[in-house]
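Below, chain A partners chain B and then partners chain C, in two separate complexes.
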Partner chain A sequence: MKTNFQSPQQFFRQRRLRLGIVLAVLLVIYGVSMVLVNFQTLASLMQVPAGLIWLFKNFIPTERSISYLGPILYQLWRTLIVSVSSTICASLLGLIFAILGAKTTSPLPGLRLVIRFGASLLRNIPVVAWAMILLFSFKQSDFTGFLALFFMTLGYLTRAFTETIEDLDGEKLQALQAVGANYFQCVFCGVLPEVASTLTSWVLYMIENNLRDATLVGILTGTGVGFLFNHYFKSFRYDAAGLIVLLIAVLVICLELTSTQIRRAIA
Partner chain B sequence: MIENSQSDSKVIQPTSNPKRITLLTKPRLILRGVLIALALVTVYSLVTLDAGNLKFSEAFQSLGANLQAMFLHPGVGQDNWSLLLRALTTSVALAMLTTLLGAFFAFFIAVFSARNLVPSWLATSIKAVMAFIRSIPTILWVLIYSVVMGLGANAAVVGLTFHSIAYLVKAYSESIEETSADTIEALKASGVGFWPIIFQAILPSIIPALLSWTFIRFEINFANAVAVGAAAGADDIGYYLFMASGFYFNFHEVGLIVYLLLGVAIVLEVVSMKLRGHYLQKN
Partner chain C sequence: MLKVIQLDKTYGQNKHSLKDVNFTAQPGEVTAIIGPSGAGKTTILRSVNQLIRDNGGKILLDDQDIRQANKSELRKIRHHIGMIFQNYNLISPLTALENVLHGRLGAKSTFAGIFGMYSTDEKQEALALLNEVGLGEYAYQRCDQLSGGQQQRVGIARALMQHPKMILCDEPIASLDPKSTKIVMDILRQLAKEKQLIILINLHQIDIALEYADHIVGINSGEIVFEGPSQAVDDQVLQKIYRQADQPKQAVTANEN
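And then the complex of A and B:
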């Protein structure tokens, strides 16, 4: 066996060389991307402080913007419940798919491949594309946003649920089968109680995520709080738009804190 | 006779006050409560959903027809292949640029928001600011900056970078905080400076974690880049997607663009898996 002892100098020289190569590659990537995107690094970075100052001057909600509070709160509430309901509907369907598609509980091996592929397809189509596709058929209604979020979430949750179920100890299922439990008893008494809290924390995470995506979907499809933001923003009512941004931030932070608390309580 | 069987069997009497054992522990009750609450909200939301006098059978039929036109007969439509491929490259470049910029700034900010390196008041306040930035959706940042810088690439890059920094600072600082306090104390005691501790001791041990977080962000940034193109007019594939579906109503082109996006997403997943595997093996 050949052992190759390096002197410290050699070791450090090699490390520096490797670091240099990595840095050079990253710089090249940065440069090429900069040219492709047509981005001026220095000029743009210089504008960031000015942008922040402008932001604080114009986006601070004024007394006038308080009069918009009613419709804003209503749309925010609608957006929140649409993101909750799309997540819950997707999680119900996702759970069924996950049970059918997980290695440990799948009744048919062929089904596994189909579900895997379908979930990856749903997940990898960006939410923008979903919104635009659905806008054709469902027009400017809350339903468009609901379905766009639903399909995205279905892809993510099916994958997450499948992995959670597959992480489960296979011996428990074997023991259940050995005492004569049938397939449904195995799933409902063996698998589901075990994974319930993990699945719930995934669902809570997706609700947070969907609330953020809902704003984008709203801008594209003309519904919910995203539409309201776009409307005020494009008509130069920046104080009202600022109020929306502030309220979204407050809502997202509240939701994050609540779901952290819940996660800790059910773990 | 079995050796260790007891000869005088004692009958165990139940104690006078048996402790009830129930499956419904406190976490279970909370879990049920949360699920019931979510279910109620869902039912309420579905009942009051503004369908806007939509005929569902018609809508789903037209969705089916559209999906068929998109996925079975993709075509270039108004634009041509070179234009679309260039736009796709721009999207990927936008994602790379914002991830690199974000990772660079986020690392230095994360150093100052790690509890085991700096006083806790500084860490807490930086983390609070980052939580606020993170809670505002990326697209709103881009739109806000597009007022200051004008619509286009610069606003898109700055807006995306802003959100990336806030996201990565959280991930990075949590990775840094996993380094044990003893290591840092030992190095400090032997007189190593602040930056050498970071670059010689902490950084090498957390590189795999940083790399995997940065890759996750890269994937998010690609999706965001498409969204920014559609909603804020950066000249990338999202813009063409928006135009094809919102203005020309060309399902075939939408289908082609979705296929292109799917292709990139799959390549990204494979590359990130390979790179992560490679790096984790080496360390």
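And then the complex of A and C:
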């Protein structure tokens, strides 16, 4: 191995030069794309305050909107249930796919490719597209929303679980093989205990994520809190729509806090 | 007795990793394999329990050729060969006790293994083994909370749980401080003497090898260059074993060109 002699000054000068070039390239890309889409940075920024003021005036929940609280909370509950159940179902199936598809645990190399490809296909179709496709077969129902979230989550979690399992030190599994453990024993006594806490983190993250997505999907499938939002919004009851946004935010934050606590407890 | 006869291993085409390796290891003795990095120490050790598949030769453990075993026979043979590693390779979120119980997996049905169905006797034995290596009070601690030396002792207890005829040790002390090194090596020597086990160790540290091993196998670029009692190892032998490592690097590359 030959290394050219370099003084520290030269080394750090090169580092700075490289950083400078990256920044310049980013600026040029921004400039070019601005010109291409005819976007005027300054003018757009000037409009933001007025827009915000309008938003606050109309979307702040009023006393009247409190009367909608009952149906809103009921739909919010249903949305939560759909997102939690779709995530749990997807994670169970995703775990099986991940074990079959991960480099370290796959029993068949051919299977790996199929699972990788399938997961990437599921993942790369946006959840909104899933909902619209599934609408044809399953009509406007909670089940359509469930399936849309399920497919997207399955693709996402299969990928995440696969990578978690592949990150595991293969030597640990060799140690169990050396003991005389067979394939299933290696997976259940070695792989699963090692990855359990990371996997749980992923599932919790997906539940948070799916609650947000479920709202969007609900607008399309005509169910849950998303539908209610759309309904109030289109009938100019902005205060009630605002209340929904507020409640969703509160729920998501609560969910995040809970899952942070759970993650900390199991880490 | 472990008898390795004409063991051969090639990686890719014509890249010999092991060439005609012959040696024996006796019960009741500590046998150390020493040699420069990349000489093939780990390959030998992992061929013995077939974690690495070799290309030819015989590996006889009590006159049974491990290389001829089919899948289920191999599982049975492995059940009686313990193995400990440089990185301990315990399942770290599990407790010390659970890791020791893993030593029974080779004797369990798939179902019983998966659901961790161990008998009371097995649990008692695991606890006793942890006491034996001085870790009784850590039985219910997660393994990632234990120090390196403690984890290695859990690894030894796991190997003992297999009721082994032989324990393979792949650089067992390479990550340990001198104090833990002494504890671990003392345990291994004691096991060889008291339980009449075959202890086969890969070592980097010549001084430790000479202090603890009864029998030394010296290997250099895939070939056995010395085999004999540790008393017979002198400077001349060591020079032969570590020959290439001491040569300046430029000379080696010049030869390759």
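Just so we're on the same page, the second predicted complex is superposed on the first by the 223 of 267 C-alpha atoms of A that agree within 3 Å, B and C clash if a C-alpha of one lies under 4 Å from a C-alpha of the other, contacts with A are read in each partner's own complex, and residues count from 1 in each chain.
The rule is simple: contacts are C-beta pairs under 8 Å (C-beta built on N, C-alpha and C of every residue); 3 or more make two chains touch, one makes a residue touch a chain.
Quick caveat: nothing in here was measured; it's all calculated off a predicted structure.
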Residue contacts with chain A in the superposition, chain B compared against chain C: B
Once the shared chain is lined up, is A:Ala265 touching chain B (first), chain C (second), both, or neither of them? first
Once the shared chain is lined up, is A:Leu111 touching chain B (first), chain C (second), both, or neither of them? neither
Thinking of the overlay built on chain A, is A:Ser141 touched by chain B (first), by chain C (second), by both, or by neither? first
Partner chain(s) touched by A:Val22 [first = chain B, second = chain C, both, neither]: neither
Using the touch definition from the top, say if A:Ser197 reaches chain B (first), chain C (second), both or neither. both
A:Ile60 in the overlay: touching chain B, chain C, both, or neither? Say first, second, both or neither. neither
State whether A:Leu73 touches chain B only (first), chain C only (second), both chains, or neither. neither
Shared chain A contacts, counted only where both chain B and chain C touch the same residue: 196-197
In their shared complex, chain A is touched by residues of chain B numbered 26-28, 30-31, 34-35, 38-39, 41-42, 44-46, 49-52, 54, 59-60, 62-63, 66-67, 70, 89-90, 93-94, 96-97, 100-101, 131-132, 135-140, 143-145, 147-149, 153-154, 156-158, 223, 226-227, 230-231, 235, 238, 241-242, 245-246, 249, 251, 254, 257-258, 261-262, 265-266, 269
Residue positions on chain A within touch of chain C in the complex are 169, 171-172, 174-182, 184-185, 188-190, 193-194, 196-197
Seen from chain A, its contact residues with chain B in the complex are 26, 29-30, 32-34, 36-40, 43-44, 47-48, 50-51, 54-55, 59, 78, 81-82, 84-85, 88-89, 120-121, 124-129, 132-143, 146, 196-197, 200, 203, 212-213, 215-216, 219-220, 229, 233, 238, 245, 248-249, 252-253, 256, 262, 265-267
For the chain C and chain A complex, residues of the former touching the latter: 49, 51, 75-79, 81-83, 85, 87, 89-94, 102-103, 105-108, 110, 113-116, 158, 162, 168
